[in-house]
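Here subunit A shows up in two complexes: once beside subunit B, once beside subunit C.
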Partner chain A sequence: MTIDCIQVEGKVVLHVVGRMDAESAAQFEGQCDSCISEGSTSLIVDLGDLSYVSSMGLRSFVGVAKKLKNKGGELRICRLTGLVRQVFEITRLNQLVPMYDSVESAVIGG
Partner chain B sequence: MPGIPQSLTLIAKPESLAPVTEFVRKGAREANLPELRVRELELLIEEILVNIWQYSYPEGAPGTVAVTYSVPRPGEMEIEVADQGVEFDPLTADPPDLTLDLSRRPVGGLGIFLLKSFANSMNYRRHLGWNRLSFWISASP
Partner chain C sequence: MIHSVDVLRIALALVPVLLFLAALRALDSYKLISVRTVLTALAAGALAALLCFSFNSIIFRQFPGHEDQYARFGAPVVEELAKAVYWIFLIATARTAFMADSAICGFAVGAGFALVENISYLHLLDGRGVGVWILRGFGTAVMHGGVAALGATLSAYLLESRSWPRALLFAPGVVAAVVLHSSFNQSLQSPVASTVAAVAGLPLILGFVFYFSEQSLREWLGGKLDSDINILSEIGSKEFQKTRVGAYLMALQESFSPTVRGDMLSLLQLTSELSMRAKGDLLLREAGLEAEPDPELDSLFVELKYLEKNIGPTGMLAIRPLLSQTPRDLWEMHRLAVGVRRHSVSAGRDSAT
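Moving on to the complex of A and B:
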């Protein structure tokens, strides 16, 4: 799994590529923690190129979403496809975290 | 060969996830499962292995996990995962409350729920000191 961190319209966007499993989930959470400690209160995560996520990955998403909410911000997720979309829908995480079809719409929010 | 069970036994630890995943992928190719079903199979295997190394064996004393698959006919795969750890039937675990809001939602507890959601059928038995969890997966959901 690789994570690219870019700024779009002043907001931090994490582009996650590959597989988020029991071995790599901590890497994602660590990257989010770094952004939060650098001052980010909201994060946008682009999952368009993530092909796989397990419950260990979901644990990281819920943990990060809670941390951001406690700071008055939020986690926004965009471009889910395939198994990743299925897993978010089955576990109803799509009702806890705002989901968007594109990075642009996630940046605008609402 | 079709129908002949294939087995792999490894130490139940995080580093075993990759070889076990590759092992079941081989079976999925034999069964000609579509890519989305292969990903679901990988998810099932990971959730079972994580449960075993987190709960079946005491910390510092990992044991073995034996994964067996067979392809009874094209488009179908039967899988059994067995361990000699603490007796645990994941099928009796309480379902998570998916209606809780973010502040009350626990960070974990979704693995067994995903297991039950994606396997076509799942069976647990305790036999001669082994936990044996079996399921089958087909080309169509």
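Moving on to the complex of A and C:
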């Protein structure tokens, strides 16, 4: 799994590519933690090129979302497709992590 | 007129065991046992105490002069069996599936029992010093909750580990509760030591129980969620027929019609989805968050019943190897079904108003 970090209209966008399993979930959480420690209170994660997410991956999303919520911010995810979209919808984690169709709409938050 | 010492006696009789119960529930990070279940368990324990009180009175009348032996050996058997009825019901019907939850329910039954017993003793021990009530409130009452909690915990452990024949599953838990209760009653001549042992030992033991229970729940949650995601992935795969689920269903083509096999596939997908919904709720609870009620559950359960009916008993037997039905899976389905009933009731209330 690879993670690219870019800035879009002043917001941090993490582009996650590959499969998020037990090992790579820690990498994702570490990346998010470093963004939070650098001052980000809201993060956008582009999951358009993520093909699989495991339970550890979901735990990481919940953990990061909780940290951001405690700081008054939010974790947003966008461009979900296939199995990853199904997993987020079925587990109803979109209650905590709002889903968007594009990076642009996630940046705006609407 | 009620004197302050009477208030103190009543408080000592009732409050410590309730505080212990509240602390147990607060320590449980997943909070899977509702307040309603705790209150029902308290009521069940109170009812058990009333029944035991009547039974013990008959024994005392029939065998005068043997009260001491009965208190040491007979009463623990009768009382623990009476208390066990409700916690066994909760575990056997998959209303509770984890050690920590079983401990809370068991303790609540014991606490209900102790409350009624102490209320009856308020009258019988009228005029006795506050010291007696410290011992009854912190010792006997906590013991009643504690031994039932440990019995229920042991049963939940045996159920999940499947290391014990199902017919005898609850025997070790009940026997353990009886032995501990009887041991407590052996030291009636030195109740301070028993009270200190109960107050100091029980939090330690239950602390370990909660720790291992949460570890076990966490591992099960992760493992089962991954398995559900994999089933979903296999069903959606372009090479479905080569997957474990696909190959199994293909092997059934001579025994079942294409329509039934289609329903089998739908049922597998639906049960995986329901299981994932329950686990999403648990993931949120793990992070200390509460999930909103799921409005889609009602229709999903209607669909589940429809598919089960269409597949029929023989078909259900045939796909059993693909359906996980451990005690925790059954608990999960029960929990979702309760959610459906509550949602239906509240929807009914809304439409009525």
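The criterion applied here is as follows: the second predicted complex is superposed on the first by the 109 of 110 C-alpha atoms of A that agree within 3 Å, B and C clash if a C-alpha of one lies under 4 Å from a C-alpha of the other, contacts with A are read in each partner's own complex, and residues count from 1 in each chain.
Just so it is clear, contacts are C-beta pairs under 8 Å (C-beta built on N, C-alpha and C of every residue); 3 or more make two chains touch, one makes a residue touch a chain.
Being a predicted model, the structure only gives us computed values, none of them experimental.
S.K.: Give one of first, second, both or neither to describe whether A:Tyr52 is in contact with subunit B, with subunit C, with both, or with none.
M.R.: A:Tyr52: touches subunit B and subunit C.
S.K.: So in the superposed three-chain picture, is A:Glu23 touching just subunit B, just subunit C, both, or none of them (first/second/both/neither)?
M.R.: first
S.K.: Name the contact category of A:Thr81: first (subunit B only), second (subunit C only), both, or neither.
M.R.: Neither: A:Thr81 stays clear of subunit B and subunit C.
S.K.: Should A:Ser102 be classified as contacting the first partner (subunit B), the second (subunit C), both, or neither?
M.R.: A:Ser102 sits against neither subunit B nor subunit C.
S.K.: Common interface residues of subunit A with subunit B and subunit C?
M.R.: The overlap between the subunit B and subunit C interfaces on subunit A comprises residues 52, 54-56, 58-59, 62-63, 65-66, 82-83, 87, 90-92, 96.
S.K.: Within their complex, state which residues of subunit B touch subunit A.
M.R.: 14, 17-18, 36, 39-40, 42-43, 46-47, 49-50, 96, 98-99, 101-103, 105-108, 110-111, 113-114, 117
S.K.: Can you list the residues on subunit C that touch subunit A in the complex?
M.R.: Going by the criterion above, the answer is residues 221-223, 225-226, 229, 232-233, 236, 273, 276-277, 279-281, 283-284, 286-289, 291-292, 294.
S.K.: Which residues, counting only subunit A, touch subunit C once they are in their complex?
M.R.: Contacts found on subunit A: 52-56, 58-59, 62-63, 65-66, 82-83, 86-87, 90-93, 95-96.
S.K.: For a test of understanding, state which residues of subunit A touch subunit B in their complex under the given definition.
M.R.: 21-23, 51-52, 54-56, 58-59, 62-63, 65-66, 69, 82-83, 87, 90-92, 96-97
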